[in-house]
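Structure in C-alpha cells, see below.
Letters are used for the chains, namely A, B, C, D and E, taken in the order the chains are written, and counting of residues starts over at 1 for each.
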Amino acid sequence: MQWLFLSSLLPFIHSLNEIDEDYRGCANDTEIMDHILHETKLTYNRHRLPSIPVELRIEMWVQEVTSLSELTQDFEIDLYVNEYWTDPGLEYRNLNPCQLNISFDSTMLQDIWTPNTCFINSKKAQIHSSPFTNVFLMVFPNGSIWSNWRIKGTGPCKLDLSKFPMDNVNCSLTLESYNYNRMEVLMVWNDVALIQFKDIELPDFTMYNYSTTSNKQYYAAGYWDELTVTFYFRRRYGWYLLQGFIPTYMTTFISWIPFYLGPRAIPARTMIGVNALLAMTFQFGNIMRNLPRVSYIKAIDVWVLGGIGFVFASLAELAVVGFLMKDEGRPSTLSHSSTRKWNLKKMSSNSRTSNHHCENKLTVVQKSERVDQCARFMFPVIYSLYNFLYWGVYMRSALENAQM
Amino acid sequence: MQWLFLSSLLPFIHSLNEIDEDYRGCANDTEIMDHILHETKLTYNRHRLPSIPVELRIEMWVQEVTSLSELTQDFEIDLYVNEYWTDPGLEYRNLNPCQLNISFDSTMLQDIWTPNTCFINSKKAQIHSSPFTNVFLMVFPNGSIWSNWRIKGTGPCKLDLSKFPMDNVNCSLTLESYNYNRMEVLMVWNDVALIQFKDIELPDFTMYNYSTTSNKQYYAAGYWDELTVTFYFRRRYGWYLLQGFIPTYMTTFISWIPFYLGPRAIPARTMIGVNALLAMTFQFGNIMRNLPRVSYIKAIDVWVLGGIGFVFASLAELAVVGFLMKDEGRPSTLSHSSTRKWNLKKMSSNSRTSNHHCENKLTVVQKSERVDQCARFMFPVIYSLYNFLYWGVYMRSALENAQM
Amino acid sequence: MQWLFLSSLLPFIHSLNEIDEDYRGCANDTEIMDHILHETKLTYNRHRLPSIPVELRIEMWVQEVTSLSELTQDFEIDLYVNEYWTDPGLEYRNLNPCQLNISFDSTMLQDIWTPNTCFINSKKAQIHSSPFTNVFLMVFPNGSIWSNWRIKGTGPCKLDLSKFPMDNVNCSLTLESYNYNRMEVLMVWNDVALIQFKDIELPDFTMYNYSTTSNKQYYAAGYWDELTVTFYFRRRYGWYLLQGFIPTYMTTFISWIPFYLGPRAIPARTMIGVNALLAMTFQFGNIMRNLPRVSYIKAIDVWVLGGIGFVFASLAELAVVGFLMKDEGRPSTLSHSSTRKWNLKKMSSNSRTSNHHCENKLTVVQKSERVDQCARFMFPVIYSLYNFLYWGVYMRSALENAQM
Amino acid sequence: MQWLFLSSLLPFIHSLNEIDEDYRGCANDTEIMDHILHETKLTYNRHRLPSIPVELRIEMWVQEVTSLSELTQDFEIDLYVNEYWTDPGLEYRNLNPCQLNISFDSTMLQDIWTPNTCFINSKKAQIHSSPFTNVFLMVFPNGSIWSNWRIKGTGPCKLDLSKFPMDNVNCSLTLESYNYNRMEVLMVWNDVALIQFKDIELPDFTMYNYSTTSNKQYYAAGYWDELTVTFYFRRRYGWYLLQGFIPTYMTTFISWIPFYLGPRAIPARTMIGVNALLAMTFQFGNIMRNLPRVSYIKAIDVWVLGGIGFVFASLAELAVVGFLMKDEGRPSTLSHSSTRKWNLKKMSSNSRTSNHHCENKLTVVQKSERVDQCARFMFPVIYSLYNFLYWGVYMRSALENAQM
Amino acid sequence: MQWLFLSSLLPFIHSLNEIDEDYRGCANDTEIMDHILHETKLTYNRHRLPSIPVELRIEMWVQEVTSLSELTQDFEIDLYVNEYWTDPGLEYRNLNPCQLNISFDSTMLQDIWTPNTCFINSKKAQIHSSPFTNVFLMVFPNGSIWSNWRIKGTGPCKLDLSKFPMDNVNCSLTLESYNYNRMEVLMVWNDVALIQFKDIELPDFTMYNYSTTSNKQYYAAGYWDELTVTFYFRRRYGWYLLQGFIPTYMTTFISWIPFYLGPRAIPARTMIGVNALLAMTFQFGNIMRNLPRVSYIKAIDVWVLGGIGFVFASLAELAVVGFLMKDEGRPSTLSHSSTRKWNLKKMSSNSRTSNHHCENKLTVVQKSERVDQCARFMFPVIYSLYNFLYWGVYMRSALENAQM
C-alpha cells in the first residue's frame, strides 16, 4: 500500500480531480455514496480493525494559541488534527469513480471505524462547533481516509519561574489512540508533522519553536504509541520592565533623596524612606498576584527583595543619622542656656571652652554629614554593582534562551 | 437558474404569497410536505452535493455586539446568518403549490444537505436556543433553500494599543464551508452582504464601519472560499480622559504646590511630592489592570511615564532646595550662638562681620528661592510644551481615525 | 372558535374536571392517549401549520429577577411562559372524554407542531431542568393546547447612567415565533399579559413597573409579530449614599480642618489636604470599578469631581497661605538676630524701627489669617450652595422617576 | 394499598431478600425483567397516570452544603431525593419472584411514568453524573417504585443583613410535580422527611436547623402540592471579629494617642488622626466588598460608621486644640521680641507685665491641655458606653438566634 | 473463577497475545465481534446482573492533580479508573479466538451491563472527551471485562487551617456502585490499588502519601461497598515565608527605628509607627484574601496579630515618650524667656536656680531617653522570645507532619 503524505501529496490529488472531472463513463458520487452508505453497512463493522496494525499518520496545523496562563499552568490552542489511515472496507476503486475523493461531514464518523485518537494529557479538548461540527472526512478510492477536525485544546505547561520574567515556558500535547495499542494501531508523525498558519504571538509570549516526538508508552495492556508536540514559548518581558523594574528603579532613586536633605530634616527623610518602602512592597504585591505560589526564589523576587533591601538600608542610614543627631537638640538647648550663662558670667574670659564645645557640637552634625556624604557615594556604587551582577546573571540566561 | 437576492427579492416573494393565497386548485402544504418529507427521503441522500458546484449566497444581519475585551482580545456578537442555495432534490414546483414557500424548523436541517458553513476563526459560536433552536428554514418551489440561524459568536480582534486610548480595533469573523472546497461549494457574499439592525454602541467602543471581503484559501485538499466580515471599532475615550488624564493632570498640578511654600517647608514639600508620586503610580496601575501585557509602549504609558517624570523632577527640585538649605539650619544655630557671643564680646565693634554673615546666609535662602522661582515658571512651561507635543501627536492620529 | 383566557378561565375548566370525574360511560385517559399518541401519529405531520394563521396567546408569570448587572448591561429572570393555541389535529372531543384535559411532559413537544416561540433579543435562555425539564403541556378536548415552560432568561437592559445613582433601568425581552411570520402565526398578549408572583426586589434595584407591547417587525420573509415585555427598575441608592456620598462629605469636611490650624501649621495642613485628596480619588475608583466605561458624565462623576475640586481648592488655599508665610520664617530669623543686634546695639534708642518691623511681620501673618478666616466662611457656604444645586437637580429627576 | 416508609421499612425488605435468596421455584430476575421490559411495553403507556391520584412520598438525604453566597443570595447543596409511588402497570407479584426488588439504572426512567418532580425555585439543579448518572430505581413486586437521584441544587436564600455579621440566613428548596396537580399527584413528605448524613458546617456558616412544610399552591390549572424544605444557617462571626472588629478597635485606640502627645505636636497628631481615618475607611471597604449592595443599614455599618465617627471626633478635637494653639506661636514670637524689648528697656522694672503675659500665654496652652485631658477621659468613657450599647443590642439578637 | 490482577497479570496476557498471533485455525475478530454484537444481543439483557454477586475489582491510576483550592475546599484530579469484572454472557472462549482480547470504544458501554460505579462525594466528575470519549473496554475470552475511563474529578478536601501555612490537607474520593448494594456487586480494591504516574507537585502543595480504604455503608436498601482513596498533601510554605513572614519581620524591625531617633523627633517617629501599622494590616489582608472565612485562629493569624501587637506596643512607647516630652516644649519656652530675664536681672548672682531648673528639664528628656533605651533593648529581646515560642510550637507540628 502506498502512503500519501498529506500536505505534500494531497494538492496533487486535488489537481488530479480537476483533470478527471471531464472524464465520462465513470461512477458518479451518488452511486459511490450509495455503495459506501448502504451496501457497505451490511458487512461493515465499525468495531473491527481495518488491518492489523492500522498505520495512522498524524499531521497538525496550528491556527492560534489564545492564552497561556501562569496561574493554572496551561495553554489554550486552536489546532487542526489530520489523521490519515486506510480502511479497505471503504474502498470503492472498483466502481471506476469520477472523482478521486468524496467528502463527508461529522455524522459519518459514527458509522466507520476510527482510531479514537485522544489528547491524553489535555485538561480540556473539544471539537469546534461554529456552529456546525468542524469535522472533515474524505474517503479516497483505495479506502484511504483523511479525517480532519479543528479543536480547542487546553494542555499543561511546564513553567520554571526561577528566571521570571526572563523565563521560557514549554507546553505540550500528547496524542494517543485511547483504545488501541501499537499492535493494533501504529501512530506516526507525518513527514511534515506540524504546520503553523502564522507566527504565534501572545501579548506576553512568543512561540519561538516547536518539536514533535514519538515514543512508546507502556500500560497494562501493552505498548501504546504516543505522539507529543511541544511548543516553546519565550516571555516578552517588555511589560515587566515597564511595570516592574522601572518603578523599583524610581523608588530606589527616591530613597536616596534624603541623603541630600541634611541631618536635620528628619521628618522629611523619614517620610521619603517609609513611603519608598511602602511603594516597593505594593509594587511587589502587584506583580506577585498573577503568579502561582511557587516555593522557590524567582528572579523578580531577588530583584524586589534587593530593592527592598536598599530602601531598608537607606532607612537604616536615616536611623544612624537620627541617632547621631538625637543629642544635637539637647546639648544645643543645654549649651544655649549654659553657654550663655557662661558667656555672661565669664564675659571677659577667653572663649576656648565655648569654642571647644562648639567644636564638639559641630562634630555631631559633621559626623552625620559625613555619614550622609558617605551614603551619597556608596549607595549608587553598590547599587550599580548589584545591577551589573543581577543583569549579568539573568540576562545571560535570557540571551542563551534567545539563541535557542 | 435565476438567483434571488435575499433582502431585495424576498419581500416580493412574500407579496406573491399573499396574492396567491386565494388561488384554488393548488397542492396544499400537506401534500407538499408529505412529498418532501416522505417521498423524497427514499431517493434523497443528504451527503450528496445538490449540484457541482453549489452556489451559496451569504448575508448577515448584525443584531448586537455585546462585548469587546482587550484582555482576551476578542468580541462577542449576536448575528443572523442567511444562506441561500438551490437543491433540485427538494423541488416541488411540479406539484402546483398554493404557497410559494414552506417553513421548517431546525430538525429539518439534519435531513437535508447543508453546506456546513462554519466560522473558522471563532473562539466560540453557537446557535441561540432561546429556548428553542433559532433556526429558520424555507424551501421554495424551485428547490431554493433559505437557511437562517441566529448565533452568538466570539471572534478574534486585532488590537494595536500603541495609541491607546485613542486607538481603533478591528474584529473579524471568517465563514468557510468546513467540508467542501470551492470546486464543490462556491461561496459568495450577497449583493447586500450585511445589514445592521441598529447602530452598534458599546460603553467604550463605537462601531464606525464594517467591510466584507472574500478570498480563496489554499489547503491541502484544494482552494476554499473564505468570506470575511470585519468590524471596525473606535474607542470612546471619554472614560479614560475622566479616569486617566484628569487625575494625572491634577496630580501634576499638586506637585507644583511645593514651589510656593518656600524653601523652609521641607516636610510639607516632601509630603506633597512623595504622595503625588504614589498617587501617580497608583493611577497607572489602575488603568493597566484591564489591558493585556503587551511589550510595546502605549500612548497611555508615555503619558503616565511623562507625568511620573514631571513629579519626579519636582521631587528632584525639592532635593536641590533641600541640599541648599541643609546648611542654613546649622550656620543659623552656629551664628545664633557664635554671633551672639561675638556680639556680646565685640559689643561696640562694627557689625560688618555679622552683616557679612547675614548676607551669606541670605544668599543660601535666596538661592533656594531663586530655584523655586525658576521652577514655578519652568515646570508649567515645559509641561505645556509636553502637552502640546503629546496631544498633537496622538490626537492627530485619533482624528485621522475619526475621518476614516 | 371560542378563546380561553388562561388565567381567568382555566380554574373554571379545572372545576369542571372535578364535577365530571364521577361521570361514567366516557372515554378514559388511556383511550384518548392511545388515540393521540398512536392513531394521530399516522396522519399528523408536526411540520404542518394547524390552521392559517394560528392564533397564539401568550401569558407570562414572573417568578424572580435574580440579577441585574450594570457591567454586562443585562438582567436575569426566571419566568414561566404560557402559550395557548388550537390544533384541530389533536382534537378528541368526539371520544366523549371523562377528563376535560390531559397533561403531557416535555417529550410530547417533539411530536406535535409548536409555534417555536423564541426570545430573539435574549443573550441566553434555557428551559429550567431541575432536574427534569420544566415543560407542562395540556391538551383540551377541542384541540386547544396550553404549553407552559419555566425558563431562565438573560436579556438586555438599557442603562442611562447620566443620573447614576439616582437612575432607572429598563430591561426587555422580546418574543417572536422564529419560524412563522404573522401570515402563519398571529401572536397576541393574553388579556392578563403578565402576572408577578411577588414584588421583585433586588439588593440595589426595585422593579416598579412593567409593560407589555406588541408590534410588527419587518423581515425579508414578511412581517413578524413581536411581543415585548419591558421591566422598569429603580435603583435603590441607599448603599451609594452610605458608601459613596457620606465618605466624600466626611473627606470634604476634613479638608476644612486646616483652616483652623493657623498659618504656621503648614506640615499638618499639607498632610490633611494631601490625604483628603488621596482618599477622594480612592473612593472614586472604588465606585467606578463596578460601572461600565461609559463616555458621558454621570451624576456621581459630577459629585466626586466636585468633591475633588473642593479639596483641591483647600489645597490651593494652603498654597496661598504657604506662599504668604514663606517669608515669615526668614524675616523672623533675620529680625531675630538683627533686631537683637539692633537692640543690643541701640539699647537706649527708640524701638520705632523694631515696632515698624513687627507691624510688617504681623501683617504677613494677619494676611494669612485673613485668608484662613475667609476660607473658613467661604468654603462651607459655597459647598452648601453646590449641594443645594446638585441635589436639587438630581433629586428632582429621581423624584420624577419615583412618581412614574 | 399499604405504604412503605422508606427509611423505616426498606431495611426490613432488604432482610427479606436475604432470607428468600435460597428459595427455589421462583421466577428469577431474567424472567421478571423480560416481563417488565418487553411484555409490559406493549400495553404500558408512560404518559398515563398509574392511578388517580398517585400518592407520592418524598424523602431527602442531605449530603453536603458546598457554598452559601451573600452576593448571589443562594446556596448550593448536594442531596439525594427519594420518591416512592406505586405503578400497578409494573407489578410482577404474580410471577412469584425470587427477589423482592429489582434495580434499574437511569435509562429505565425514560420508559416508565414518572411524577416529574422538580425544584421549582431552584436557580440550577442537575442530577450528578460522576461519571455515570446518579439515578437509582427499584421496582417491588407490588409495583411500588423507589426512585432515588443525587442532585446538585442551587436554591435561593433569604438574607436579612441588618444584624450582619450576627445574622441568620434561611435557604429553601421547593419540590413540585411540574406536570400534575394534586388531583393527579398527591405529594406528601415521608414520616422521616429529611436525613442529614452529617453536621453541615461551612467555613462561615453552621446549619443549626431545618424544617419541612407542605402547602397547596394555586395555579391556573388547579392546586399543586408544594413540598418545601428550609435550612436555617447561623453565621459564624469569628472571622468577622478578627478581620472586622479587632482592626477597628485598634484603629480607634490609636486615634487616642494624640491626646497624650501635647498640644504642640500638631504634625504628629494630624498624621495619626488622618491615617486612622484612612485605615478605617479602608477596612470598611474590605468588608463591604463581599456583601450585596443592600439599601438598609447593617450592624457592621453602624459599627464602622460609629468607629469613623469616633476617629472623626478625635480629629475634631485636634482641630480645636490646633485652633487654640494657633495663636500660641504668634504671641510667642511677638512676646519673644516684645518682652525682650520690654525686658531690655525696663531692665530694672518689675516683671509683672511679663509675668502677666506669661500667664496669658500659659492659659492658651493650658486650655489646650485641658481639652486634651478632657478628651483623654471622655473618649474612652463614651466609647465604652457605645460598645455596651452596641454589643448589648446586637449580641442579644445573636443570642436569641442561638437559642432557637 | 480465576481473578486477574490487572496491573500484574495483564502484561502477561498481552505477551500471550503476541505469541498466539501466528496461530492459525482460530476464530478471527470478525467472527467474535459478530457473535458478541449480534448473536448475544438477542439473549443479552443489560439490566440483568451477570452473577450474584458480581465481584468488581478497582484500580486507579493517578495522572495529575491540577488544583487544590482552599476557598472552595476541593481538589481537581485527572485519573484513570479501571474496573474489572466477569460477565459470562459475553464469553467467547468456545469460539477458539485468535486474540486473547478484543477492544471496544465507549459506545459498547451502553450495550452491556455495567456496575455503574460513581464517585458519590465528588462535586463534579466527567469522563474526558479529548475530543473522543476516553473509555477503553476490553473483553477477554472468558467473559472478563476490563473497563478503563479517564476522568476529571473534583472532590472534597478536609482543611485544618489552624496551623496554616504549616498545615496539611487531605482530599478524598469515594467510589460506590450507585445501583447495586453489596449483595449484588461486591467492590474490592485491586492488590495494587493505586498507581501514580509521577510525583504530584502543585505550586504550593506536595502530595506526600495516599491511602485506599474500603468500608460498608448502610443505606435504606442495604449495605453498599465504599472504596475510598485519600490523598495527603503538605503545603509548601516557601511562598508564605517570602510573602508573609519576611515582610512582617521587616515591618517589625522598622517599627524599632523610632527608638533611635531621640524623644524630640515625634513627627518622624509617629510617621514610622503609623505606617508600620498600616503596612502590617495591609499585608494581613493580602494573605487572608485567598483563605476561607474560618472562625478559628490560624497560625498566620497568631503571627500577624503578634506582629501588629509589637508595632502597636512601639506606638504606645511613642505615646509614653510623647507624653513625657509634652511638657518639655513649654517649660523650655518658659525658661527661655524667664531664665534670660533671670540671667539679665541677676547677672552676677549664682546660677543655682537656673541649674536646678536645667536639671529638672534634663530629667524630662532623660526620662524619655531612658524609656527609649529600655525599648531599644526590650523589644528585640521579647520579640526573639516570641519568635522562639512561635516557631517552636508551629514548626514542631510542621516537622511532625513532615515525618509522617
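The definition used in the following text is that contacts are C-beta pairs under 8 Å (C-beta built on N, C-alpha and C of every residue); 3 or more make two chains touch, one makes a residue touch a chain.
For each chain, UniProt lists the protein as follows: A, B, C, D, E = Ligand-gated ion channel 50.
Because the structure is predicted, anything quoted here is derived from the model rather than measured.
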Partner chains that chain C (Ligand-gated ion channel 50) and chain E (Ligand-gated ion channel 50) have in common: D
Shared interface partners, meaning chains that touch chain B (Ligand-gated ion channel 50) and chain E (Ligand-gated ion channel 50): A
Chain centre separation (chain B (Ligand-gated ion channel 50), chain D (Ligand-gated ion channel 50); CA means) in Å: 40
Chain A (Ligand-gated ion channel 50) and chain B (Ligand-gated ion channel 50): spacing of chain centres that average the CA atoms, whole Å: 25
Set of chain C (Ligand-gated ion channel 50) residues in contact with two or more other chains: 267, 271, 275, 278, 340, 344
Pairwise touch network: line, ring, star, complete, or other: ring
Of chain B (Ligand-gated ion channel 50), residues touching chain C (Ligand-gated ion channel 50) in the complex: 6-7, 10-11, 13-14, 17-18, 29-30, 33-34, 37, 63-64, 66-67, 78, 82, 101-105, 108, 128-132, 134-138, 146, 150, 152, 203-204, 236-240, 242-243, 246-247, 250, 254, 257, 260-262, 264-265, 267-268, 271-272, 275, 278-279, 283, 286, 332, 335-336, 339-340, 343-344, 347, 351, 354, 358, 362, 365
Chain D (Ligand-gated ion channel 50)-facing residues of chain E (Ligand-gated ion channel 50), complex: 45, 47-49, 72-73, 114, 116-127, 149, 151, 153, 156, 178-181, 183-184, 220-222, 266-267, 269-271, 274-275, 277-278, 281, 285, 288, 292-297, 301, 305, 308, 312, 315-316, 318-320, 322-323, 325-327, 329-330, 333-334, 337-338, 340-341, 344-345
